[in-house]
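What follows are several structures.
One chain, chain A, links the two complexes that follow: it is found with chain B in the first and with chain C in the second.
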Partner chain A sequence: MFRSAVRLTCSGVRSLTRTRPQFTAPLAARGYSHGKQETDEEFDARWVTYFNKPDIDAWELRKGMNTLIGYDLVPEPKILEAALRACRRLNDLASAIRILEAVKDKSGPHKEIYPYLIQELRPTLDELGIATPEELGIDKV
Partner chain B sequence: MDTSRRLGQTINSVYSPLSVKVVSVMTMSLPKPVMRGLLSKRLRFHLPIAFTLSVVAAAVFKYTVTEPRKQAYADFYKQYDAMKEFNAMKEAGIFESVRPSGE
Partner chain C sequence: MLTSRALIRGLQSSLWRSVCSTSALQGSHSKVVDVIDCSVPQYNNRLDTPLPDRPFVKHDQLSAEQKKLKEKEKASWKSLSKEEQLALYRMTFELTYPEMRKGSDEWKTVLGGVFFFMGFTGLLVWWQRVYVFGDVPHTLSDEWVEKQTQRMIDMRINPVNGFASQWDYEKKQWK
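And now, the complex of A and B:
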């Protein structure tokens, strides 16, 4: 019984770190310790493709962001740009600003990450007219 | 950053009595920080420490609390005379089935 509980938690943790975005699995993305290990670039490309879907719906946006935030990483600027453009296609400004708050929180104690992300996203934010939480004054309680 | 350095060098070469100190400007772009594996890095550092500290805490408790307690019990019972204690209790009159020798 203990062994089955351990097996359950191990597979649960692994599937959490390796869930594929389309939620129809290409084999390399499953939680096996054998099999091809996905590179960082492949991971990023998969997520950019996910958010670049022209007819992405609101559920997929939320699911994608929540899954992405569950990983042990802060998303790359190119993934966030694709997500912000998806918000634009869905007319969802609230989610766009929430994404910025989420990545700031995801950085944790590493305070140099968020300013870097805003610097990289600045052209996209200006183009899409997205204000940062700091500009709106909602970053302080 | 390169153009500001070159500008400084040009000004220094042309206007040699003056000198222009080239400082890095705040508009210089931020370098890319590490953005992956931050939690695993933290765990790889803190979990061995946490594990070791827990084991040390357990060992300290064992040798400062439980072992002295066990020793105290052992010392008490090493010279314990059950019959002597029973007779003392009997004379104190606490039993119902056997009364003190006086009654």
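And now, the complex of A and C:
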């Protein structure tokens, strides 16, 4: 249960999506005190695989995103890239923009996370032609 | 409770109404807006649910040009202008995240209403004091209270820790 090491709510967040602490802090996807703890890399890989399913359907995309947003973390760019590509396969631009909005909201007070994510996702956004919420003007009320 | 039973009855009647209606009638606006068919996936604006169960504008309620835009969405998104991308977003989602977070000024109305009614109550209380209540008993007059206090001192009321303990009997004054 070492979530405290990688929690956003911890004031010790130095870098961006999830802290890369000096010690190995496995992110427990489940709250077991026994058994194998899933590492950050395993967590990311699992989610990238989920969204990379070639014939992913709309329900799975929604379920995946809603679940991911329910976690106490901001997803890594590679997970978001896989999700955006899934939106492309489903011809759903609106959901792609919504995902960007959601991760910005998820970062909460850590305002440096979202620009980093956009910077990392810029190649994908350009390739797929997705406009960011800022470019559409919906980041302001 | 009474309210929940009434709610359930209202919900049941609305469910029956929507079961009876054909799919052709579902889009009509002859019904009161309060009727929600809870047996189908609902749209909702929630910060923790970025992708709700259905799009805001249902597929069969799209206008002709919206349907054309949906067809264009199947091609490369680079061919979509910013306005078109925004239109697609608004078709699927009612409120953006900042709009969801906005909140309202309702609290000002509530607070104003509270103060207004408290003020009105104050007026009523004042009127009551002036026009309804009679005189205060004579035992509260200054003269009576003076005599009463002197009597209490003479009787040594609560001499240890209370009333008379505050009176200095040598100097004949309050301590």
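To be clear about the criterion, the second predicted complex is superposed on the first by the 110 of 141 C-alpha atoms of A that agree within 3 Å, B and C clash if a C-alpha of one lies under 4 Å from a C-alpha of the other, contacts with A are read in each partner's own complex, and residues count from 1 in each chain.
As a convention for this text, a contact is a pair of C-beta atoms (placed from the backbone, for glycine too) under 8 Å apart; a residue touches a chain by one contact, two chains touch by 3 or more.
Being a predicted model, the structure only gives us computed values, none of them experimental.
Undergrad: With the two structures overlaid on chain A, would chain B and chain C clash, or do they fit side by side?
TA: Here the two partners, once superposed via chain A, fit next to each other without clashing.
Undergrad: Going by the contact rule set out at the top, does A:104 touch chain B (first), chain C (second), both, or neither?
TA: Once the two structures are laid over each other on A, A:104 reaches chain C alone.
Undergrad: Residues of chain A touched by chain B versus by chain C: which partner has the larger set?
TA: Partner touching more chain A residues in the overlay: C.
Undergrad: Under the stated touch criterion, which partner chain does A:123 make contact with: chain B (first), chain C (second), both, or neither?
TA: neither
Undergrad: Would you check which partner chain A:115 touches, where first means chain B only, second means chain C only, and both and neither mean what they say?
TA: First partner only.
Undergrad: Looking at A:76 after the superposition, I want to know if it touches chain B, chain C, both of them or none. Which is it: first, second, both, neither?
TA: The answer is first: A:76 touches chain B but not chain C.
Undergrad: So, does A:95 touch the first partner chain B, the second partner chain C, both, or neither?
TA: In the superposition, A:95 touches chain C alone.
Undergrad: Taking the superposition on A as described, I'd like to know which of chain B and chain C A:35 touches: first, second, both or neither.
TA: Neither partner.
Undergrad: By how many Å are the closest C-alpha atoms of chain B and chain C apart after the superposition?
TA: It comes out at 6 Å between the closest C-alpha atoms.
Undergrad: Mind sorting out which residues of chain A both chain B and chain C touch, each in its own complex?
TA: Overlap of chain B and chain C footprints on chain A: empty.
Undergrad: Hey, which residues of chain B end up touching chain A in the complex?
TA: 29-40
Undergrad: So in the complex, which bits of chain A are touching chain C?
TA: Spelled out, the residues of chain A in touch with chain C are 61-62, 65-66, 69-70, 88, 91-95, 97-99, 101-102, 104-105, 128-131, 133, 135-141.
Undergrad: Please give the residue numbers of chain C that touch chain A in the complex, ascending.
TA: For this pair, the touching residues of chain C are 47-53, 55, 73-74, 76-80, 82, 85-86, 88-89, 91-93, 96-99, 101-102.
Undergrad: Can you check the complex and tell me which residues of chain A touch chain B?
TA: By the definition above, chain A touches chain B via 40, 72-76, 107-108, 110, 112-113, 115-116, 119.
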